[in-house]
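A short worksheet on the structure shown next.
Chain IDs A, B, C, D, E and F follow the sequence of writing; residue 1 opens each chain.
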Amino acid sequence: MKDFMTMYSNLVQNCFNDCINDFTSKAVSAKENSCVTNCATKFMKASERLGMRFQEANAAMMQGGGAPGK
Amino acid sequence: MKDFMTMYSNLVQNCFNDCINDFTSKAVSAKENSCVTNCATKFMKASERLGMRFQEANAAMMQGGGAPGK
Amino acid sequence: MKDFMTMYSNLVQNCFNDCINDFTSKAVSAKENSCVTNCATKFMKASERLGMRFQEANAAMMQGGGAPGK
Amino acid sequence: MSFLGFGSRPQPTSAQKIAAAEQELEMVTDMFNRLTESCRKKCLPTDYREGELNKGESVCLDRCVGKFFEVNMKISEFMQSQQQNAMAGGGSGRIGGFGA
Amino acid sequence: MSFLGFGSRPQPTSAQKIAAAEQELEMVTDMFNRLTESCRKKCLPTDYREGELNKGESVCLDRCVGKFFEVNMKISEFMQSQQQNAMAGGGSGRIGGFGA
Amino acid sequence: MSFLGFGSRPQPTSAQKIAAAEQELEMVTDMFNRLTESCRKKCLPTDYREGELNKGESVCLDRCVGKFFEVNMKISEFMQSQQQNAMAGGGSGRIGGFGA
């Protein structure tokens, strides 16, 4: 649960930082809006891919030079 | 209490990072000194303002699309 | 223990960020490799030096304007 | 969990309510700290020639909070739609057994 | 502590095993979060003109994970050699009373 | 709380002393981690052509620690004066019910 919240908060902060740079107007522009959606979509896809690769690499490492018992 | 400490540590680290960039001399210069004071002053004023706006926005959100019970 | 893990993780992340910038090839290059080793070596030496200076400064501060009781 | 606007849920017990409230407080505090960090970087120049917030900085901070909330809302909706796609038919539409 | 590859140790009790497993999980989660942060910065441009991962980004992410693990391995070895120098003759070669 | 130099306080109990000492340790550790991060960025170039600290880097690190402490002291004083303004007449001059 805590991991999910950290992930969620990171997502909000990162997409805000990357997409919202204009404070001359109050409203979120259409361009900013689509940036945020694309950012969130890409972030989720990247997390998924990184998670798979991470598990593979971790499993490989445990088989290779890792501890046998635990 | 922990929140206060985090805020305090952030304040020290941010004002140090922004204001202290000369390590050719040992002493904190007059210019660095006034930068640190202004940084701390402005940081506190900004925190206060952000806190007010945050609470307003949070209250508005809860009235708008939020959960009724809690 | 937790402090050691934080230090270790910081070391890995910092040296990775500073040394690995080429993703056109799969293999870690000789140059990247030596960068990582130098980074880790320098990081440890810097931590040691900072630790000593920190303790000295802390001790001096406690003697100077600090609380007498604790 | 009003800050995330995840909607209503079945009746919780008192202990669950307290746990949910604590978690919400922690979450809101974390969000406020992140918002502060982001808006400071976006709105305050780092030369600090004066301690006062000038007009431009103040307006920027106000808009920054508003836009941060909008982004948060948008991403909350996005996550809920993702969630609904993932467990279509199975669940209650809330994210990961959230809150109470 | 297989993620760090710190090798085998004397037989632990059950309680120690559970504590070590919890610590390992926390450590692996932290590493994954750091890896995610680093690889996102290295591989994803921040203009977000599309939501899909394109070919170049996908390949970059894959290689990023591989290289992150190699760096982690290399630094783990480095720390162990440091440790062995420091306590030559005294200990079991593990770092700082690690795990069980 | 000597690191922050917040001055003396009324007599605490043993349990309060222990809690305060633990909190102080956590605080000092956090400060050291932040100082390390800042001084590394200020003083060490990121190309790492050698593993040794050269003369310039060493001197820079030493001065960095000194200046970090000065900034910390200055901000501690600033916070105390803020505090005294805020609760003029009411309190003991310490910050937010700090320590013991």
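Convention: contacts are C-beta pairs under 8 Å (C-beta built on N, C-alpha and C of every residue); 3 or more make two chains touch, one makes a residue touch a chain.
For reference, the UniProt names are A, B, C, D, E, F = Mitochondrial import inner membrane translocase subunit.
None of these values were measured; they are calculated from a predicted model.
**Q** Hey, what chains does subunit B share as contacts with subunit E?
**A** In this structure, no chain contacts subunit E and also subunit B.
**Q** Would you pick out the chains that touch subunit A and also touch subunit F?
**A** none
**Q** Once you count every C-beta pair in contact for both, which comes out on top, B-D or A-D?
**A** B-D
**Q** Tell me which of C-E, A-D or C-F has the interface of B-D again, with more than half the contact pairs shared?
**A** C-F
**Q** Measure off the straight-line distance from the CA centroid of subunit B to the CA centroid of subunit F, and report it in whole Å.
**A** Subunit B and subunit F have C-alpha centres separated by 16 Å.
**Q** Taking each chain's centre as its mean C-alpha position, how far apart are subunit A and subunit E in Å?
**A** Chain centres of subunit A and subunit E, defined by C-alpha means, are spaced 18 Å apart.
**Q** What whole-number Å value describes the gap between the mean CA coordinates of subunit A and subunit B?
**A** The mean C-alpha positions of subunit A and subunit B differ by 26 Å.
**Q** Give me the residues of subunit D that touch two or more other chains.
**A** 37, 43, 64, 66
**Q** Which residues of subunit B are in contact with two or more other chains?
**A** Within subunit B, residues 15, 19, 36-37, 40-41 contact more than one other chain.
**Q** Mind sorting the chains in ring order for me, with subunit A at the start and subunit D directly after?
**A** If we begin at subunit A and move toward subunit D, the chains come in the order A, D, B, F, C, E.
**Q** In the complex of these two chains, what residues of subunit E are touching subunit A?
**A** That would be residues 1-3, 5-9, 12, 17, 20-21, 28-29, 32-33, 35-37, 39-40, 43-44, 46-53, 57-58, 61-62, 64-66, 69, 73, 99-100 of subunit E.
**Q** How about subunit B: which of its residues touch subunit D in the complex?
**A** 3, 6, 10, 14-15, 18-19, 34-43, 45-47, 49-51, 53-54, 57-58, 61-62, 65-70
**Q** For the complex, which residues does subunit A have touching subunit D?
**A** Touch list, subunit A to subunit D: 1, 4-5, 8-9, 11-13, 15-17, 19-21, 23, 25-26, 28, 32-33, 36-37, 40-41, 44.
**Q** Looking at the complex, which residues from subunit F come into contact with subunit B?
**A** Within the complex, subunit F contacts subunit B at residues 4, 23, 27, 30-31, 34, 37-38, 41-43, 59-60, 63-64, 66-68, 70-72, 74-75, 78-79, 82, 95-98.
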